[in-house]
Amino acid sequence: MIKSDVKNLKLAADGKKRIEWAESQMDVLRLIKKRFAKEKPLKGIKLAACLHVTAETANLMITLKEGGADVSLCASNPLSTQDDVAASLVADYGIPTFAIRGEDRKSYYRHLNDVLDFHPHITTDDGADLVTLLHTERKSQLKEVIGSAEETTTGVIRLKAMLKEGALKIPVMAVNDSDTKHMFDNRYGTGQSTIDGIIRATNVLLAGKKFVVAGFGWCGRGLASRARGLGAQVIVTEINPVKALEAVMEGFEVMPMDEACKIADIICTATGNKDVLTLKHFKLLKEGAIISNTGHFNVELDYAGLIKAGKSVRVLRNNLEEVILGNKKIYVLGEGRLINLAAAEGHPASVMDMSFANQALAAEFFVKNRVKLEVKVYTIPEDMDQNIAKLKLDSLKIGIDVLTPAQKKYLDSWQEGT
Amino acid sequence: MIKSDVKNLKLAADGKKRIEWAESQMDVLRLIKKRFAKEKPLKGIKLAACLHVTAETANLMITLKEGGADVSLCASNPLSTQDDVAASLVADYGIPTFAIRGEDRKSYYRHLNDVLDFHPHITTDDGADLVTLLHTERKSQLKEVIGSAEETTTGVIRLKAMLKEGALKIPVMAVNDSDTKHMFDNRYGTGQSTIDGIIRATNVLLAGKKFVVAGFGWCGRGLASRARGLGAQVIVTEINPVKALEAVMEGFEVMPMDEACKIADIICTATGNKDVLTLKHFKLLKEGAIISNTGHFNVELDYAGLIKAGKSVRVLRNNLEEVILGNKKIYVLGEGRLINLAAAEGHPASVMDMSFANQALAAEFFVKNRVKLEVKVYTIPEDMDQNIAKLKLDSLKIGIDVLTPAQKKYLDSWQEGT
Amino acid sequence: MIKSDVKNLKLAADGKKRIEWAESQMDVLRLIKKRFAKEKPLKGIKLAACLHVTAETANLMITLKEGGADVSLCASNPLSTQDDVAASLVADYGIPTFAIRGEDRKSYYRHLNDVLDFHPHITTDDGADLVTLLHTERKSQLKEVIGSAEETTTGVIRLKAMLKEGALKIPVMAVNDSDTKHMFDNRYGTGQSTIDGIIRATNVLLAGKKFVVAGFGWCGRGLASRARGLGAQVIVTEINPVKALEAVMEGFEVMPMDEACKIADIICTATGNKDVLTLKHFKLLKEGAIISNTGHFNVELDYAGLIKAGKSVRVLRNNLEEVILGNKKIYVLGEGRLINLAAAEGHPASVMDMSFANQALAAEFFVKNRVKLEVKVYTIPEDMDQNIAKLKLDSLKIGIDVLTPAQKKYLDSWQEGT
Amino acid sequence: MIKSDVKNLKLAADGKKRIEWAESQMDVLRLIKKRFAKEKPLKGIKLAACLHVTAETANLMITLKEGGADVSLCASNPLSTQDDVAASLVADYGIPTFAIRGEDRKSYYRHLNDVLDFHPHITTDDGADLVTLLHTERKSQLKEVIGSAEETTTGVIRLKAMLKEGALKIPVMAVNDSDTKHMFDNRYGTGQSTIDGIIRATNVLLAGKKFVVAGFGWCGRGLASRARGLGAQVIVTEINPVKALEAVMEGFEVMPMDEACKIADIICTATGNKDVLTLKHFKLLKEGAIISNTGHFNVELDYAGLIKAGKSVRVLRNNLEEVILGNKKIYVLGEGRLINLAAAEGHPASVMDMSFANQALAAEFFVKNRVKLEVKVYTIPEDMDQNIAKLKLDSLKIGIDVLTPAQKKYLDSWQEGT
């Protein structure tokens, strides 16, 4: 009997089909799974993951298990769990899973602890939750940990802050910093799935709308590009002058949020910071404005403050709440949580393919290098990163050029030329 | 007690919220509703509509009723009905409605007859179904009909064919031919909602995919533009050389379907014709190709032929079927029916706003001009059309320029100039 | 000895190479030239053309001559003449040509009269100049004229105004109204060549600039699309609500010129009307704003009024004047004349290919139908129009689909279906 | 009397206006010039620059001179010199300048030596030419040099190769590596100016053309984006899998050059390597194909090999040569040299503004830190880089957001959150 806490094991059949469909889009991970099944590089390793519990994550778990690991999984976000997938992981794949869509804060933390109860050698995080728990309430387990892999930009920022302060006690791998992760997942995955989430929640036409994107990082630029691609007039807010200038050069309008919020039809935050939209901004919104977040947990927009200030609140559709603030109606999506997970299905499988290829290889890297690892923030070696991209191109049947020896020499040489 | 055939009247509360949310996006129709409520231009008129039974259509029905008409509604497509909206129309708005999502062919036709049983003076069609029934099985009612309004391109083509053959017996209004209808609804509405339907059915990443759009009419170019906007590499097929050349100049690749189907990751038909994708093409598809239709009923792709030829078929997700054909897997969406209705919610409310403003004004036009109407295909007068656009701009708070008298004179004059 | 008035016959060698280069891009016209050379459909016809004297026009003249016509040519715009091409037409091709780049108003009108002195049977206009002269100062020649072909939108508007007033006395052909003309030449030709003209005149970076396009007709939307394609933030002004709304849905910002001119970095007019930018607007411009016109002669922006109001004016580069107005500098391009002709080379040859294929076929149409022509505004028959597009696709080696008999029947039928 | 070698000093008046026009677009450099004029940070310093001799470079030279330096200038490319600007630098600004457009190899090298004859303390390169000369023929001067700044990607690659081999003997500054340089100049500057060069050389319509971009670095992606923006169907070739995959995700077609060259209408290389297009490829080109280079000197396409293999060659227009190869015509632009410099005017002033702001600050950095500089490749400190972007935004009157103390703390903290 497998330990687990999922909504309903009877959902497993649907979850299995969902996992198989995702697998059909995850060519790189499938190749790694095949190799892992043969080589068993993770034999004897216990691995606990705190990730969005989706069909794509399921394929990562299955891959790691094929590699010989004992794996367990909990949710990194209470709203993103696909209950049928969680059920199938338990029922069909024998993987201890602890996640129920919409679970409350208490269950959420209990589930974090559930996977740490397995005493993992490797942890995998989407926002540094397991690492945080290991460094606060469960310090005694730190010595058992070989390393921890982190999936997100904001998680990596947090880990680096810990390292800087001397608080970090274990080696970590910034999976997010692989080119094949952040340049694809954050840009193309978040771009499309955020649009998807907003449309599923509202069914509004984006063409002609003033769409404000807060933050022009990888996520923000992906979102800005897709919103424009659907006909919106996109406005960008930033705090970094170089990124702001890039946005200008890409043809976007740039202005401070205090101005942008006055003319926005739709706002979506993607900054990785908190308090990007606060009561000050809500008061400036136009009648009918829609606000949402795709960046970081639910701290980017002050949902609690909005609800408290509203005269009345009602749920019009799934993930769409109408709030009467003063004498205007404004609409908030998914309670301010990541809208691509709350209202849509998160990143498409083909983009998670590369992110999770990095995760699988990160686990292998930790095991292979376990004796020499230092307490620092590692990144995936460049040749592994390039190789993931090459496998993806191969799966798309796309060929590229190869440098001739003469060209290699030319690039390396400073004497030839002009 | 209102006559009706809906799934479950208990769904009405959800439907009402959905109708209200749509109404918040339909500014032009709301203005017309206000005027209709005061002027009652449709007093004494019975109006039967065969349209997609969605929240937007509900707002049209309510507007027509406010105008004084006795209205009834059935579905123009078995897969697009929103059961909660149908329930609310009956329970909250007292409108006889006959539509159940997923109804079979027999129920579908019974519902068409149900609304004609009211002996309408005006009919409204989305594909000429009521008009066809009136001209075949229910000829005796033709004399009771003042006029019929048609929503779609393909319906209008059919009505013109009837007129040409001398088969048409009643005045019709080609609502589709209004600029504020086909230039917006077909292009921006179909563009976004088709993408939405494909993503909801599959959750595939569009970026980098070879996406084939069959047909570069208003629907096709909307879809091509949005697919490109989401990062797909778009290929267009056409039968009209001028449209094909436009597609080329817009930077799309153009080729015959026999070639396009060999390299497609995703195909979506939008031609208004039948047999665009047949068994010949299915055999040429790549492993993993996804096929879908957003054009006209389910005749554009030969779904029945595909299912028959397939070794096995299974439903992986809602609206996503895997068919094993020879030794490859291909995927078909929504059984070949309009994917934006089958898997998503049809056109967004703000674009239906203008289409249905045209419908409401068409009904008024029929009544006002009833004594002088001829058996022909009418279009909305240009000033009504321009006025709808002006109302929409006003609702967006967008100002435009006005010709000065000197500029008007300049445009009208041939003596001034050079 | 050929009658002519060109700058310098010694430029002919350069002009000939330019004509040959253009010919290499004009596949459709080349096919027509071959047929004309064999069939001589214009034998015995005198044809006078008033067009931009460019390498592309040269190829039209040569084609018409190959068809058997006696042709003569003058300039429709004093700033667009390519002097080397004019020289080559005279020296290498024996075509009487009257055009000198930068000629004054007096020479301009003398040249119009020069070509009419040949007593043409057919005239070809780019802005209705020859037609106007024939209907005012040279009425006695009207009876000699079989028909006149018009190239531009504004010319056609003028001819229709003449027809409406009963002032038109000869059959005219609105070449501009062919799909293969206005949908390509006005949109893609003007789009690219206007951008080209602005960059050659200024070398400013378009990325990040606020670029205002006045008018969202075929020219304006081509320009707006290309300006956005180069990274500008495009703002559109319009007088037609439907077009304004289309611009909004395409993601452009729309506002009245009174507001747009305050924030513009660059303005380009493309309306076909006069007084689009007047002193009122110049006073509202930002320091450093650049203004230009690509629409209609030099009446769209009040260049004379600007120069008069300016404290000082100096030419900084070819086609770039700095005007000190009040205490700010503003820049005007090409003296307010069509910037794509003044500063660049007009439409690229491959787009003029189709426009001039229409012109060549218009001349043939006049001759073939001379006995039955009425005084009205003709358009190119649709099958000729479609055929030009087909020839162009063939030259690009692009295949398209063909309707099957069953599909044709389906489209024509109203009984099949649903 | 100033030492110099320019084409004609009488061109100075035109050059001066050109320099002033450029200055009007260079807001950041102007602010630095003002400060330099007051602070004189380069007093007593001799600075030799080998850069494209354009109006923008003139503004850099003037700025450095205002800062107190004795400056001299030669050309880094024989085809890019603006002779009127060179004349004005000598006549109006008293700056020794050695550059004549179209100069032969011998003059080119003499001019390099001319500026080194001034025994500079600081050198500035665009392709490492002065540094190479200092490390080969003029080693005795190395000890006089404080540091050398390098403008280009390929120059930096060469300098790093020298450093790796131990061949580098002086501190160098990779100006190219500033965000405000390579992210703007290489992307937006090269993107627009390359398109500009190709159109000026050919006047071909880009809409509908198959446009192959070799290399998807900063230059290549700028070019690809602009070519698409003008309606071309863009194909990318790459040697790096990650970049190739990015191109795919952006919707470009990716394939090896061996395939791309067979279907290309236009090819432009932007790789920084040699032999990207060789005789092997030329033989595969279609009739009428156009080939060009915007990457690195004239080694990217084997111009000499092409000319040698051609049956005949003739110049059709400036920078456009027709080569008969076998039985087909192909066209090569600007003799394979950088087409944005050969046929257009190089980067627009507003983008060079930031690049040259970096150059000016690099010179100041060398002087300020002269005592502690090591032999290595420096980059501009991040705060200087950010500040340049901030100044640019200010000049555009664009505001951005500022982190609140709470937000700063949140980003720095690992304890808050979730």
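To keep things simple, chains are lettered A, B, C and D as they appear, and every chain counts its residues starting from 1.
Criterion: a residue touches a chain if its C-beta (ideal position, glycine included) is under 8 Å from a C-beta of that chain, and two chains touch if they have at least 3 such contacts.
Bear in mind the structure is a predicted one, so any value in this text is a computation, not a measurement.
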Among the other chains, which touch subunit A and subunit D together? B, C
Farthest chain from subunit C, going by mean C-alpha coordinates, please. A
Per the definition at the top, count C-beta pairs in contact and tell me whether C-D or B-C has more. B-C
Averaging only over C-alpha atoms, locate the centres of subunit B and subunit C and give their separation in whole Å. 38
Could you put a whole-Å number on the gap between the CA centroids of subunit A and subunit C? 53
Where subunit D touches two or more other chains at once, by residue number: 188, 207-208, 228, 231, 245, 248-249, 396
Could you list, by residue number, the parts of subunit C that touch subunit A in their complex? 207-208, 228, 231-234, 245, 248-253
Sort out for me which residues of subunit A touch subunit B in the complex. 17-18, 20-21, 24-25, 188-189, 191-192, 195-196, 199-200, 202-208, 225-226, 228-231, 288, 314-317, 320, 329, 344-345, 347-351, 396
If you look only at subunit D, which of its residues touch subunit A in the complex? 127-129, 132, 157-159, 161-162, 165, 167, 179-180, 183-184, 187-188, 237-242, 244-246, 248-249, 254-257, 259, 272-275, 297, 299, 385-387, 389-390, 392-393, 396, 398-404, 406-407, 410-415, 417-418
